[in-house]
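Next up: the structures, one after another.
In the two complexes that follow, chain A is the common piece, with chain B as its partner first and chain C second.
For the complex of A and B:
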């Protein structure tokens, strides 16, 4: 068991290092750099010699290897470097922009899981075939809705028409309602699909017939026998969908004007602000890796068959 | 049974159909029978006979679109056929319970064994937690599980098939129901385990005076274990009556056919003696095969097995799951490298084959697998399935390929019209014929049959066995026949190896092994074959009549 945990953690660290290295190489391969973009601006009126001096100060020169090692060492110490465009440490920017995104992502994910379970449970308990079919078509509808369109529609309907959620000076929670809703929809859809499919599959298993023969109610069968088994494939997908969540958060923040990582990334891309981009990539990778590590560690808790890897006998 | 006791279960004119509207098909027609207190009634029939559907209806367990069209199901004198789910839940467990078919899939893999036994007590329970826990241990002890406290904490995957079936029996008897429905309770188990489980059900049933509705395809099991017999075919009752009577003097032609096809009951016609001049074709000497386990340990799957198969004969490899029989044939067919020992097929040393010489070797030896549903690609036509092996070897002109495919398909007793169809349009028996045709098209010398008839109904099984015998005579084929079913082996094999835990515990001519087995294990296997109580001498006339049809 300890071996399993250690190997998973080791893999997670390896993925993180690979994400750092790859993004570093790709970012370095881009033509031009942030210093040139900022200081070649005629407004500054700097001479080539002065620009060269600034370049040296920001340490953007030097061989690729020395830069790589230096940046890696700094990252390991928790120093993400300076944002050239804003002229402040990247960590200061992250301190401002990370919490809203984390909040949005966490709530969006929770809402997506809730929504998916709700759809799956409705579809499973629906007393009529037509209702069941209707509920089962919801995920395909959800998947085909673009996030930016959904966000705008939600603002239009709930804020401007129904005036339920205020857009001007909303409270801290109120401001999150619509973005979370927008973000959760495309995540909930595939999750619900997987859940519905695995619930249907589990229901045909012989042990369900045995449970019925014990006199169990439909509710008991769904929660005690089906849920525990149906959740396993959904869990894997949930980990993968987290990547989608990060991408979705960028669009959602833009639509709702939230000052999060998405906005920070968008600006950094425009300005080739490499330190910021590098930090964003590593943080996203870290979030992704952590979620999947949690999924891996959750598996043996939910599925006893994974607790004793070689103990099974026929 | 005295005639005036009220039956526990009385089914009258029951008709059941599946599907809605136009697609509706009736699978049970006008079925009537009853089960007296303490009686064992066997519901016998082949797949599609409606036996499982009939049994499920008693529990209100009809799946999805199943619907009772007419008739009544009286349980303890009350008609339950129109009861609501809620009322039915009240009797499932305390009045009628289920022992299911497939123990490996009939326990929830994520709940502990104890929790699953306790559940039936919780649902109907008036027991508190501590009492229920005590009762769980009591039940697990009663069904003969060692270390019941440990078993209660274990999960299904940590138990063997037989142990799982014991747990399911514990659940079924937990509330001392008046009627237990056992739906093919042992068809997924090894023969010695099957016998122990059937003995257990018998003992517990007697102790509680419980009635048993035993659903089975195996006439041998029905003959040994039931008081009365109901024979179903295509959803209609063909015949019913006291078991001994039905078996001794079967009234319907269908029952006679079932009796003559059942290998465990059939009269044995002696196989011609092996021609002493025939050359050994397959020689296995001191074969051993190890598998690596995590942590560097090694597991010996096959340990020092030796046998010879003469040309034109059938050698059977018999054993229970985990005995190494499949590993042995995989080594012979060149799929697995032996750790020790030698295998010769003709002049070829199988161990010495390189990847280049292995391919021509495959022409000589072909396999037919157990599951005719899984071994054929569902998206290829029968023609391309049978043709495919030809494409892998010497290029033949298309016309000649078609000719050979058609010839072999007719040889295995199928019309050439099946060639354009897909596997799903064929029955299990037809598919197994296709699998045999695919094996034969390369004109191999040796055909390895891996449980090739185990998944088939008895009448289909008898047809396939007859076909295999015919092909062997006409084409001079040599068979290696892997099976867990000693009755079939006795019918068709010349020599036999009995494997236990990778070791060969018996080897020799079939007649000799069956008459005087050298090992206790083989004796136990032979004694476990169901149908031993069957009165063979009584109905020779019926048998010959059945064979004539």
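For the complex of A and C:
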């Protein structure tokens, strides 16, 4: 087990390095650079000579390799560089933007799981066939709703019309209610769909027929016999959904005017703020790798069949 | 008894009248207190004062910094502020300012001649080691001299008649020596910007929120203001809210007091509910389309004229904008200094346009697009994000030009491609453009190759230019920037407008305002000459 974990961590570091290198190369290949974009902005009204002087001051010029090595060395030291557009160090931006996004993502994900389980449970426990069918179509509806539209609708209805929550200047918890609701919907949809499908599949298995024959109730069958088996595919998809969570956060944060990694990324992309993008890519990759590692480690705990030593290959 | 009643009646009436007028007066008398919630569309960037041209920066700097002089937004005259008086020599190469005594920065240090001298040394010359760029409004700067603690003198290498107005603009806000000792890199942190203004930065959440609080000992408003003491508001809270519908919804729902950037199509909704639209003019070069004549397709003046004639400004304004966006009648706004009415030269005439294109040798091909020697008249422009509904404007212009057989491709593109391609006339033959500044220098800023170089001339900002250069135009522009005689300078501004339109280098479309909206109880909103809000006189009647 220790060897397995160590090899997985080694792989994770390799993935991080690859993410760093690839993103560095791709970002360098883009036309223009952040200094040019910021200072050619007519609002500054700078002459070409002045812009050249600034470029030299920021040392944007230099060979690709020296820039790569310098950036990599700085990253290893924990120095993420300087955001040319915002005029502050990237670490200062991360300090402000990372915690709210983690909070939003964690709560959004928890709400999505709750919502998905509720939908899945209703879809197999609801009393009438037509109701079960209706519930089963909810995930498709959820997946089709554009996040920005949902966010704006929730704001218009709950904040501007009913005045239940304030969007501008809200309290710490008040500020999370609508964004979490918005973010959870597109995440809940695929989770619920996978859950419903695996529940349906497991229901056709012989051991369920045995349980039914023994006289177990629908509810008991669902929770005791089906749920444990149906959760594995959902767990796999949950790891992958992390990417969705980041994409959802970009839109949610923009619509609600929250600060966070999503908005930071969106602005950095627009302004080619390479240091920021580089940091975001590496942090996202790290989060992705960690979550998938956790998911893999959870499998053997949830499913005894995976606990054999031969199962410990990646 | 009855007598007394009769006698008293007028007394009561009088008393009632007095108390009524007292109430009326109370409704107009500023009340102190309250925090203004201001929704910004974008986060501020670097708050080095010369970077105040960017509206989110200017909206903050205008509250926390003061300037040497105040430009009256109505008359555009330059009035005393931190400078009580000034002298300019005959050829505008030496400026002497006498400062108001007793002014301090919010860190307690005095705003004296030494501080002012240091500010303008940096604005005029930049600082390579601290990475400070030069200010756009300070031209030909040579050096400063501290004559006594309250007198400072500036020397210029060449006549700089625009400098006096340059001391009044947002980019010339004065900051403490402590701020200027920091490298440029660190000025993205608003708490480090120490000015002498009526408000000071209390706290900031990067990219999201900024809180200003009133400075209790402030006592140096512009000399002609009745109000001199501290601001009426206790504070201002800036909240970055990027989404248009959320900004407007929050204002109408009472969650915010004042917002920036209201699109024309949202105006009726705001006004319909008794809220107020503020659309101060930016008083500079109008929202326009400019040509890059280095590209052969638009090198012929007849082609440019034809496209000007094919542009229907009235349709653009009535389709996309509102009464706050007046149709352009010259290169610069009708409220700009030195404006001359050229509406006669800015007609809409499709027949004439077609005729000119025929004369220029462009004939319609099978797909309707004109071509000459096998080269199709297909032009390309990138949309300009800061300008209101620019994409829609360009698309409408593309439809209008299509009627005379010219195709205009409108590209969005990422910031990098846009910035790089914009330097190459072969890739962007036309471009949207505008600049705001209430001084005749603005027209030079826009078109002079060493400044914004809107036409992309050889020797200007781009190394991709093969041959295009217009010495006559540049001569007129240099005259604007360096002619110390006021009348001759205004004549040069008139000449520049006439020449730019005669050559059809630019197609002015409308006079661009900055659009804000405020709640009905927000009183005393003022704007500097180029449309940045000032909250010094603002109070909340609620």
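Convention: the second predicted complex is superposed on the first by the 282 of 314 C-alpha atoms of A that agree within 3 Å, B and C clash if a C-alpha of one lies under 4 Å from a C-alpha of the other, contacts with A are read in each partner's own complex, and residues count from 1 in each chain.
Going forward, contacts are C-beta pairs under 8 Å (C-beta built on N, C-alpha and C of every residue); 3 or more make two chains touch, one makes a residue touch a chain.
The structure presented is a predicted model; accordingly, all values stated were derived computationally and were not measured.
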I'd like to know which partner A:282 touches here: chain B for first, chain C for second, both or neither.
neither
Please indicate which partner A:116 is in contact with in the superposed arrangement: first for chain B, second for chain C, both, or neither.
neither
Looking at the overlay, what does A:303 touch: chain B (first), chain C (second), both, or neither?
first
Examine A:249 and indicate which partner it touches, taking first as chain B and second as chain C; both and neither are also allowed.
neither
Per the contact definition in the header, classify A:225: touching chain B only (first), chain C only (second), both, or neither.
first
In the superposed arrangement, does chain B or chain C reach more residues of chain A?
C
Partner chain in contact with A:274 - chain B first, chain C second, else both or neither:
neither
Is A:105 contacted by the first partner chain B, the second partner chain C, both or neither?
neither
What part of chain C is in contact with chain A in the complex they form?
37, 39, 43, 45-47, 50-51, 53-55, 126, 128, 131, 133-134, 136, 184-189, 205-208, 237, 239-243, 245-246, 249-250, 252-253, 255-256, 386, 414-422, 433, 435, 445, 450-453, 460-462
In their shared complex, chain A is touched by residues of chain B numbered 59, 61, 85, 89-94, 97-98, 100-102, 105-112, 119-120, 123-124, 155, 157-158, 160-161, 168, 171, 293-294, 321-322
Complex contact set, residues of chain A against chain B
205-207, 209-218, 220, 224-225, 228-229, 302-305, 308-314
So, in the complex, the side of chain A touching chain C is made of residues 30-33, 36-48, 50-51, 53-54, 57-58, 82-83, 85-88, 92-93, 96-97, 152, 155-156, 159-160, 163, 166-169, 254-259, 263-264, 267, 269-272
